[in-house]
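Each of the two complexes below includes chain A, the first together with chain B, the second together with chain C.
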Partner chain A sequence: MNLHAVQIPFHPFVLPFTIGLIFLVFYIVGKWIYWVSQFSWEDKKKIIRGFFSLKTPQAIWEVFMESLLHRKVFRRNALLGYMHMSLAFGWFLLIVFGNLETRFFTHGRINPPYIPIFFEFFEHDLTSLDYGRFFTFTMDLLLLFVLSGVGLAYFKRFRSKPLGMKNTTKHSTIDRLALTALWLIFPLRLLAESVTAGLYDAGGFITNSIGTFMMTFLPIQHFYYPSWWAYSIALGAFFVFIPFTRYMHIPTEILLIFLRKYGIVEKAIHSTYTQVELSSCSRCGICIDACQLGSDLGIVSTQSTYLIKSIRYDQPTEKLIDSCMACTRCDQLCPVGIDIASIRANERKMIQLFQENSYKYINGYEYKKAKVAYFAGCMGHLTPSVYKATLALFKKAGVDYNFIDRDGSICCGRPLQLAGQEDAAKQLIEKNIKLIENCGATVLVTSCPICAKVFTDSYKLKIPIYHHSQYLLMLAKEKKLKFEKSDLQITYHDPCELGRGLGVYDEPRELLGMAGKLIESANSRENSLCCGGSLGITNISHEQRNTIASITLSELAADKADVVATACPLCKKTFKSASENVRIADISEIMLDAVQENANKIQSEFVQEKEIETIHN
Partner chain B sequence: MSKTVAIIGGGIAGLETSIQLEKLGYDVTLYEKDKALGGHAGKWDRLFPNRRHATEVIDSLTSRIKDKVQINLAATVNQIKRENGSFLVEANGKSQKADAIVLTTGFELFPANKKEEYGYGIFENVITSAELESMFSSNGKPLMTNGNNPAKVAFIHCVGSRDEKVNRPYCSKVCCVTAVKQAIEVKEAIPTSDVYCFYMDLRMFGPGYEDLYKEAQVKGVNFIRGRLSETSEMEGGRVLIKAEDTLSSKPLKMTVDMVVLMVGMSPLPSTEKLLKDLEITPNNDGFVQVKDYHLEPTHTEADGVFVAGACTGPNNITDSVNAAHTAALEVHKYLTSE
Partner chain C sequence: MVNFGYTTLPTHIHDMDKADLGLADSISFEDSSFNLCIACGSCTSTCTAGAFTNFSFRQMCHQIKRGENSQAIAESEKCMLCGKCTLACPRNVNTRNIIRLVRKANQTI
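Up next, the complex of A and B:
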């Protein structure tokens, strides 16, 4: 056959591939148009504005870095990153070079897609081609690149640990079928091209040598057509599988990257964006290892990947929705950047257990008038040493504060939010906003990251909100507090709601650095572990919580440190319950120990508070 | 040559076992980590249900120990090794041979600062039941840190008992009746005081316990069914407590002068190491697992290792004495059958 001829060559074996490709292209284009059309007018405006802005090239760059190079996966594990990169980027380069090769050969003519894919079938002798040797060499090299990834993927099925994964996702039958098709594509390409290269003494350094070698003992002329047919069928089958399997993530992730760049986010209920996110999940299973329910308790069937899959295809079970500590570690590690926390939160909202008037009975609270309002919250009241130390420091700094919820408060609403009880949470939030606004504060400081999170996200207060670690640091920077640094070895535990929840990582560290020497553990900051006390989960036992807490404590290098510092009353309580011989302290307690001129430290702290009325029963 | 039995722990169970084994003709090595014998009971003022002085019981036990018992005080047993069918017990760097072991290591009081919301170690007038006993021993009555008599005292039952949140899901048995006893004592020492007991259930299982409970009610002790939720400190070191009265389903706030936490019995951490040496697994609550709860309550899984007293779980003095008798007899059977 001669490609130089005007007539475009054809052979029936290209049909499975071509039909599969046409189906896939129509499906994806149709789906994308459908999705985009379903967006709200607000979101559509964002898409249009974003499209004609710098965000588009930025998104293209991100597609290159993430969808092809898999930068985030690389960061997790180099071998796993290489596996993904060789498959995605290698395949991409094969397509690009294949097209270039055929373009060169046909002098710029636009060919049907099957020509570059099956080029070796249609044209055996490439010696006459400009840069022919370069192309045959490059194409073989790229095929080797992809095959190395396929090899790693085979290997990962049996032993995933060297690729940084303890657990891998359990896939459904159709996913396995698609996987089989994918795994067959490149070995079959190698076979078809090698057979052809052997028969015609063509091909590059790999295909030629394999082909020539096979010829020595195999009747490869009989393999010629079957191998090309098989290669085409594997490709076609894979394309047809894509829309119905996890491989839909390949095209969808590209759309997701653009939408995210244009500023589209998850809403208070599932939206079209959710649909795009659900289809973007590759079920890689990185979230399984990220989850402490798996690593610490052996619960490996309820992780985000399974929830997403179940929302995409059917109705998730209660267990699937509830089995999550809302620590958001998986959010941080998801290579696709799916907003898993919001999806799960919205899923939890489907069942509202409270009524409009559930909290009507709550009345009679009045917060104390204050400029600097200190709010201990429920958890703060359960750890009196935390507020006692914080207020002692305020006093030393001469802060004109008032402990507004000293005599009681309304729950901030965050625990209900975490349980998906949005309506009930709103009732509490509205009541609490009024009480806080009425106290006339210009600054609100809380010791509880759980309160701080909901104050920041849902209260829309006009005054600044600080966690006490932030506020104490401000006081230190204003020289209102001076600390004496000692040899105390401190390891700091990032509370979920303060760290990943509010992005407060540096302030507590800077503050603790003024009191002693900080030891960083392997899992800190964005990757920090949950203490196990999470309010986001209700279906694990206290024993299981203790197991998580113990493991987290050991990960915190608690044995090397004199004290485990945290900045959350709930973390402190949980750790204290699980540990018998490690000192656990809130950051405020450590800072109070280190504060200068604190001769009569904590004593008689409350005796001076004349405004407190004695309550009689 | 007579055989030697090592007894680890010189509380009620350890003393009674020593007495019995000595009577049976054995040499006994008794190890006590403290400087004095008597264990927790030795530090108690008076005992339920008849409120006799604890010293009476301890003195009676110690007086019955004769010279075939080698008493090692301030001796912490660090290791027990098996060697040619007998044991090598190492304490304070010195090893001694023993043909059988009786573990009578007892318990520790639940570290009350683990329930931080109750304010122990944070608020000055929050004390434990053991500290109240010391106050009775030294002053004959409870005193606030400022030296005043408390006008209002609240006893909090089940601190570190029946509480999954602090890893102690089991009942400590003796704290209910102890609280009732102490409530009466406070009432008697300071007749004008108001005394409250916050309880979940009142488990008055022994002879005379129920009578004591009735006596408390007659004397005006208030019993409120409900667990404490939190405490905070008020002016003058008074303590504000929040609880729920679960019989009337109402939340409750009360300011008291003193809070007494009825701390439960917890497994002693140092026992754990010895169990490892002897290849005995602790039970679910962390205490020593006995071989057969009904039929062999003083045997362990390990051959030649016997057990008595509160190291097998919460116990009262009578239980410990009974177990000590049984253990002594079982040791005798074991050593004569060889």
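Up next, the complex of A and C:
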């Protein structure tokens, strides 16, 4: 066939591929235009402003790093990262090189898209042309690169553990069909190119050797057309499957990265951005392993990937929406960066169980006047040792504080928010804002990360809000508190709401470092485990909570720490009920022990609390 | 401060044969920990909402078990879902879940 002629070569077998590609391109372009047109006017302004700024090249760089190289998956597991990279980046390079090759050999002519894909069919022997050997070698090498990923993907179906995944997603039938098509594409390409290379003694180092080898015992001339047809059908089928399956994440993730860079975020209800996020989920299943409901309790059918899937296609069940501790571990690990926590929270908001005037009984109540307001919160009141220690430290530092909710408070509203009861939470938040503003404080310190989270996110107070670990560190830095370092081995447990919720990781560690030697557990900071006491879930039993608590605690105490330090009264309470032989103490208690004049007294808060408990019993 | 309810209640005759135990049955089915309650009152004594009003989780459970569903549902609305009672309960009743189930019953009725 003379490629230099103006006539463009054609063969009917390219039709399945071409039809599939045309369908896919139209679908994606249409969908993208639809999505962008559905955004609110503010979001559209953000997109336009962002488009003509440095954010666009930044987004392109991120697309390269995440969608092609899969940096985040690499961080999770090198083999898993390689599998995704070889498929995505390898395929991308095949397309780029295939196009370069075709343009080169057709002297820069613009070709229909099927020409680069099936180039070896139309031009059997490239090796005789200039640079032919270079191109055939590169294309074979790239094909081998992609095939190594496909091989790993086959292997992952049977044994996923070496790729760092204990549980993999249970896919629906259409996803499996699309997966089969994807898995067939590259082996079929290898077959078609090898057969061609064998028949014409052409091709690169792989296709040529396989082709010549097959020639010795197979009548490969009969495979010639069927193999090219099969390759084209597999490609076409995969393209047609993309919009209806998880593979929609391939085009959508690119859009998502741009939108996120332009500053678009999840709203208080589902928005167009949610639609984009739902379609960006690749159902890789990394969130399944991240979830302690799965690893500790064996509940492996309610994780974020399943929730996202069911919101995308139909109505999620109540069990699916409710079965989540809201620890947001999966948020941190999601390689696509989907704001799963907000999607689930918005889904929970669909059912409002409380009425508008649920809390009209709270009247004529006031918090105490204070300069530095200390708020123990509901959970703080259940663990008196925490607030006693904190206030003792305040006294030592000479802080002009007042315990504003000593005689009880109204709930901060966060537990209601976690249960999706936004209307009810708003009532409590409004009442609490007034009460806190009336007490005239300049600083608000709380012992409870759950309260701290909602104070920071939803209260819009004009005064700074600190968790007691942050405030105590400030006092220590101002030299108002002096601690004596002992050889106490401390493991710190990051509470979900304080760590992932508010991003407070360093302050508690710095503070504890002044009291003893800090040991990091296997899962700390962003990956820290939930204590199991979570207010985000209601449908697990006490026994199940205890199981989670003991597994988390055994990991924390694994390094033979003398004490497990917590910064959350709820975590402390939950851990306590799970174990009696590990010492669990709040940061404030450990710091009180370490205050210079207390340091030489051999008096553990652990013993003190045991005494309190016996008195109570 | 509100009395916890350890006072003598007025005479109250209740015909259990005619009582509507549908809500009680559905709650026990959804969360069996509902049946573990020994009415000790720990939940009520620790209750954040109970500090302002006479809301009592213990009493609400009684009402459900007696079939006084409308009173129970009206009471349940006062709860702030803070979860202190769950931690205080010696029988490990999943109190927050039970409140949610009662509130859900309100929607379906």
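Just so it is clear, the second predicted complex is superposed on the first by the 592 of 617 C-alpha atoms of A that agree within 3 Å, B and C clash if a C-alpha of one lies under 4 Å from a C-alpha of the other, contacts with A are read in each partner's own complex, and residues count from 1 in each chain.
We adopt the following convention: a contact is a pair of C-beta atoms (placed from the backbone, for glycine too) under 8 Å apart; a residue touches a chain by one contact, two chains touch by 3 or more.
Please read these numbers as outputs of a predicted model, since none were measured by experiment.
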Practice task
Check whether A:H381 is in contact with chain B, with chain C, with both or with neither, and answer first, second, both or neither.
Solution key: both
Exercise for the section: Mind working out whether A:K573 is in touch with chain B, chain C, both or neither, as first, second, both or neither? Expected result: both
Handout entry: chain B versus chain C as contact partner of A:A419, first or second or both or neither
Key = second
Practice task
In the overlay, answer first, second, both or neither for which of chain B and chain C A:R283 touches.
Solution key: neither
Exercise for the section: Look at A:S541 in the shared chain and tell me whether it touches chain B only, chain C only, both, or neither; answer first, second, both or neither. Expected result: both
Exercise for the section: Considering only touches as defined above, state whether A:K309 meets chain B (first), chain C (second), both or neither. Expected result: neither
Completion exercise
Dual-contact residues of chain A (chain B, chain C) 381-382, 541-543, 573
Handout entry: List of chain C residues in touch with chain A within their complex
Key = 31, 33, 46, 48-49, 51-53, 77-78, 80-84, 86-88, 92, 94, 96-97, 100, 103-104, 106-107
Exercise for the section: Report the residues of chain B in contact with chain A in the complex, numbered from low to high. Expected result: 113-114, 116-117, 119, 121-123, 164-167, 229-238, 240, 252-255, 269
Problem - chain C-facing residues of chain A, complex - result: 351, 353-355, 358-359, 361-362, 365, 378-379, 381-382, 408-411, 415-416, 419, 421, 424, 428, 533, 535, 538-539, 541-543, 570, 573-574
Problem - Touching residues (chain side chain A, partner chain B) in the complex - result: 381-385, 388, 406, 541-543, 546, 572-573, 576-578, 580-581, 605-607, 609-610, 612, 614-617
